[in-house]
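Across the two complexes that follow, subunit A remains constant while its partner is subunit B and subsequently subunit C.
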Partner chain A sequence: MAALIERLTDDGSRRTMIWAAVLVAALVIAPWVVNDYLVTVLIVILYLAYTGQAWNIMMGFAGQLSLGHAIYVGLGAYIAAFLFTRFGVGPWVGFLAAMPVAAACGAIIGFLAFRFGVTGVYFAILTIAFAEFARIGFDHLDIVNAAAGLFLPVAQYSHNDLWRLRGDPTMFYYVILAATVVVFILCRVLIRSRIGYFWLAIREDEEAARAAGVDTFRCKLYAVMISAAITSFAGVFYAFFYNNLFPEQVFNISQSIQIILGPIIGGVGTLFGPILGAFVLTGLAESLNSALTALGLDLPGAEQVFYGVCLLFVVAALPEGIWPWLARRLGIAERAG
Partner chain B sequence: MPFDVYLNVAVGGVLTGLVYGLMALGLSVIFGVVRVVNFAHGEMMSIAMYLAVVLFAAFHLDPLIMMVPIAAVLFVFGYALQSGLINPFITRPEHSQFLLLVALAIVIVNVLLIIFGPDARTVQTAYAYDSYQLGPLIVDAAKVYAATAALLFAALLFAFFRFTLVGKAIRACADNYTGALVVGLNVNRLYALTFGIGAACVGAAGAMMTLIVDVTPMLGPSYTLLAFVIVITGGLGSMPGALLGGLLIGLTEALAGLIFTPSAKSMFAFAILVLVLLFRPQGLLGRKAA
Partner chain C sequence: MSALLSLTTVSKRFRGLVAVDAVSFDVPEGALFAVIGPNGAGKTTLFNMIAGATAPDAGTIAFAGAPIGGLTADAVCRRGIARTFQLVRPFPALSVEDNVIVGALLHRRGVGAARDHAQALLRRLDLFAKRRQLAATLTLPDRKRLEVARALATGPRLLLLDEVMAGLRPTETDRMVASLRDLNRDTGVTILLIEHVMRAVMALASRVLVLDHGTVIAQGAPEAVVRDPAVVQSYLGAETE
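Right, the complex of A and B next:
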């Protein structure tokens, strides 16, 4: 344990650690301070931080652009929800079932793509194709109610059942907060590990990495599988938090885009980027929403237009994302970035 | 089902596929020359579709004739977009370009939603229900006109790239960026021109498409994906490939809609894409080292 802590804190400056600790502490006490609405907003933020972190393993570390992460969310959500509604199997066991399926799905996509030398934009479009294929496939899969959607019995708010993930938003908040912290630590361990350095080498120059003796095929495959497995838990969470599942929503390309916006805005390849990006994006969307409501404007789409314009601005002004810029400002450079 | 039903559906699919092909041609030209992934392609097409719908509703102007001014408007739009917004991004990593165009796509879809609302709009031309009969074959007149116009537009584009000096210069940029700079071509202007031409293609295709489908703001993203599927199937940078890909996807969608269910039709388009990417990543008519 001491060795692990040693390893986690080795090169990171003390200030980074303090910032991270303050952030976690603030998030832990948040539900006592803020109202129910803000707790729900925080859940959305943490959900996006979690999925963004998972996506970042593939893109930020190993340099493989996936635009179809919705497929892993969808698989996780559908497998856990199906087992729960059909057989009464709890979500944690459901996750144990969903994780290998998602990883296997990632392995298939990765195997096919990397074997046949499908890279860059082509790889990205292959991932979209698989996600869309799954979306339409589930839309016609009668065993999970096809397009009519799969519904979980609505949560009993009287008591929180952590084992079956039935309860009030605060419980879900702590679950996703814990998951986000765990995946953050995991990413930190990964990026400091042997395979992490291999990934960075592949990202920077795949030819050179191969020449230096890195088994690039295997490393890229591991990146996809780990990313997929982690993402599948987000699906399980999605299913039990929203209690309804439609292929049109979970497998939708907008779900994939939602996942990758945070890390790109926050800073691809950094550990804090996905978290910061999720806060900025969701904060932006929510404050726009309330500003429009306060002004009495009821324009469906106006929020999205503003959102798009802000995105355009951020991408144009901060090409590396917000975190690298902010880190320089705060005087805490992140090495792995 | 009798054989001539299949034949009718297949012919309808091929005709629609040619319009798809023209749309994808626009993407192929942009992608092949500027090397930017235009993730707002379908959204640009929906701008053109709404232009056609509005012109028809207000002045009763036929989309087949209006496709020329609409293509011109989209050309200006594309030119301005490339020189104003996208040009600084051509040296940035792919995910950065992707985000830029996704943001643009979000803006376009929702501006259309604010202006026109979510309801579907149609263009009811005098020939909307006409059809030609050739033996057992019954073909929608609107589809025939649209497909003919698409072929004509594509032929003009081929001629432009093959025989004009500007077309040659653009092909030179695509072949060798540094070389083009060295011989003194104004690459930035040619890129803007290319983006404009690609936008004009999708503009013309959008105007024709209003004869075939109903228009909603939400069409954009699915057409973007469809354009990608077609371009990659046909072969990146290959103009005949884009048309062939469009034809193939149009045919597949039509037959899948008939044999299985219409809502599952694009699954087969994606299945074709996966197969092509795996076994012939350069596309059906693409060159090996694209």
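Right, the complex of A and C next:
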């Protein structure tokens, strides 16, 4: 009990919660302050923060590198969009259908890898392979229009229909903001739970974890399944926000790379890293675009070059990511994990 | 005393090399049992087979009456055998306390209960004051103590210690010996240790087994074993300590 009180009143922890509350408050009032364009930028940022957080469960917590998270985005997007366009099933029910499918897909990949001792970079390659299978498979799957793509009917934005996710960008903004907050809290609960400790142990030293009695196979499998299930919601959101789906886009490896850049820049294994990374990357890239436009320069690919420079800078100067460095400056001690 | 751990003609070969050759012995419940022998005698291989890190090629390993040979390391640990590693392997980026909590969570659902248990063990092993430090920042003696604490946290009936004194200064060795003896006396945990440091073996072990080239060349009380001609010739004669 004393230990619990000590933790709750822990100075670093309290400061962290204050910062998180300030950030959420600022994001809640943002749509009244900023213009429509910036709202869509914020949607992209929060989408990447959300997916980055989900990816971080696998890599940051359990130490399993996935370079194929696009598969879970794609499955979520296609299942929800298919059910909606074909049967009129709403996206929330679609999500309930997509979640177990994505988790099962993660379980299959995880089972094959962990059962046969595929680890490290070989595991990462396996995740790419599955995402590529899915991309090529969906490209030939006639029931979802194959390469021609799946289109959702675009409604007139006369009113916001939260149940069917039809409405203006502000509605989508609040949906993804709420999802990001929920997944942040979920990750915080997970990492402080029994399985969270086991994941960290596996990440640090799998053989030592096993010697301490951790069922590493099962724990790693849970990490993939939970991460996949959470990521599938991002797919549902993607489908209903963009209203069109092409296997070439949603399952593309660039989608997977986009997901992992935020947490890497922000700090792998931290709770704030994926959020901070998404803000820094997308925020600065958009500023760069605006600046170039204002200067009347047309430089295609400038954004990609910018991502590359950001990665180089972080890898060279802040290999743990920006957040651990910033947290020390702010006097916040996030638990090493 | 009944045998807690019982090995019967256990063998392991790596390609042409016979690392462990038909080794049989019993470790009674509550014993402080040492395995000694020159480098390459097969001690660590023997340990790895008991701990489930490698499966024996032949023979049976029984723990508390049930065969455990070929089980995975985590399954062996859940049966009640915890180990340390010869080259220490703490979880470097986790705090000292979190390292031990991982072990304590094996038989506990709640993190709070695991933390209480971990803190009690850290006090016992003189690491409580350092519980907030990252394990990577500890000195070697402290990391060795942390390994023991993490292994103990899993609540073992048998504790396997692989050269836990190696690299320690004599005062550190005495401290570790005292900790282990207290532990054995207070909790009744059976300890099986591989050790090179004869000073520790003589001070600690109630029974000693000598391995050489994968076979048992002597076993018995420590005072008797160190006078055994075969042991003196193969091992102690060459020992410069």
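Before moving on, here are some points about what is shown:
Assume the second predicted complex is superposed on the first by the 323 of 337 C-alpha atoms of A that agree within 3 Å, B and C clash if a C-alpha of one lies under 4 Å from a C-alpha of the other, contacts with A are read in each partner's own complex, and residues count from 1 in each chain.
Criterion: a contact is a pair of C-beta atoms (placed from the backbone, for glycine too) under 8 Å apart; a residue touches a chain by one contact, two chains touch by 3 or more.
Everything numeric here is computed off the predicted structure, so don't read it as measured data.
Looking at the shared chain after the overlay, A:Gly213 reaches subunit C, while subunit B stays out of its contact range.
Residue contacts after overlaying the shared chain place A:Met59 against subunit B, while subunit C stays out of touching range. By the touch criterion defined above, A:Asp205 lies against subunit C but remains apart from subunit B after alignment on the C-alpha atoms of chain A. Of the two partner chains placed by the overlay, only subunit B lies in contact with A:Gly137; subunit C stays clear of it. After superposition on the shared chain, subunit A has more residues touched by B, the comparison being subunit B against subunit C. Contacts of A:Tyr37 after superposition: neither subunit B nor subunit C is touched.
In the superposition on chain A, A:Ile264 contacts subunit B only, with no contact to subunit C. Once the two complexes are overlaid on the shared chain, A:Ile128 sits against subunit B while remaining clear of subunit C.
In the overlay built on the shared chain, the residue A:Arg192 is in contact with subunit C alone; subunit B does not reach it. In the superposition on chain A, the residues of subunit A contacted by subunit B and by subunit C do not overlap at all.
By the touch rule above, subunit A contacts subunit C in their complex via residues 3-4, 192-194, 197-198, 200-201, 204-205, 207-216, 335-337. For subunit C in complex with subunit A, the touching residues are 51, 53, 72-74, 77-78, 82-83, 85, 89-95, 98, 101-103, 105-106, 109-112, 114-116, 119, 134, 150-151, 153-154.
Across the interface of their complex, subunit A is touched by residues 37, 85, 88, 92, 94-96, 98-100, 102-107, 109-111, 113-114, 118, 217, 221, 225, 228-229, 232, 261, 263-264, 266-267, 270-271, 273-274, 277-279, 281 of subunit B. For subunit A in complex with subunit B, the residues that touch the partner chain are 59, 65, 67, 112-113, 116-118, 120-122, 124-126, 128-130, 132-133, 136-137, 139-140, 147, 253-254, 257, 260-261, 264-265, 268, 299-302, 304-305, 307-309, 311-312, 315-316, 319.
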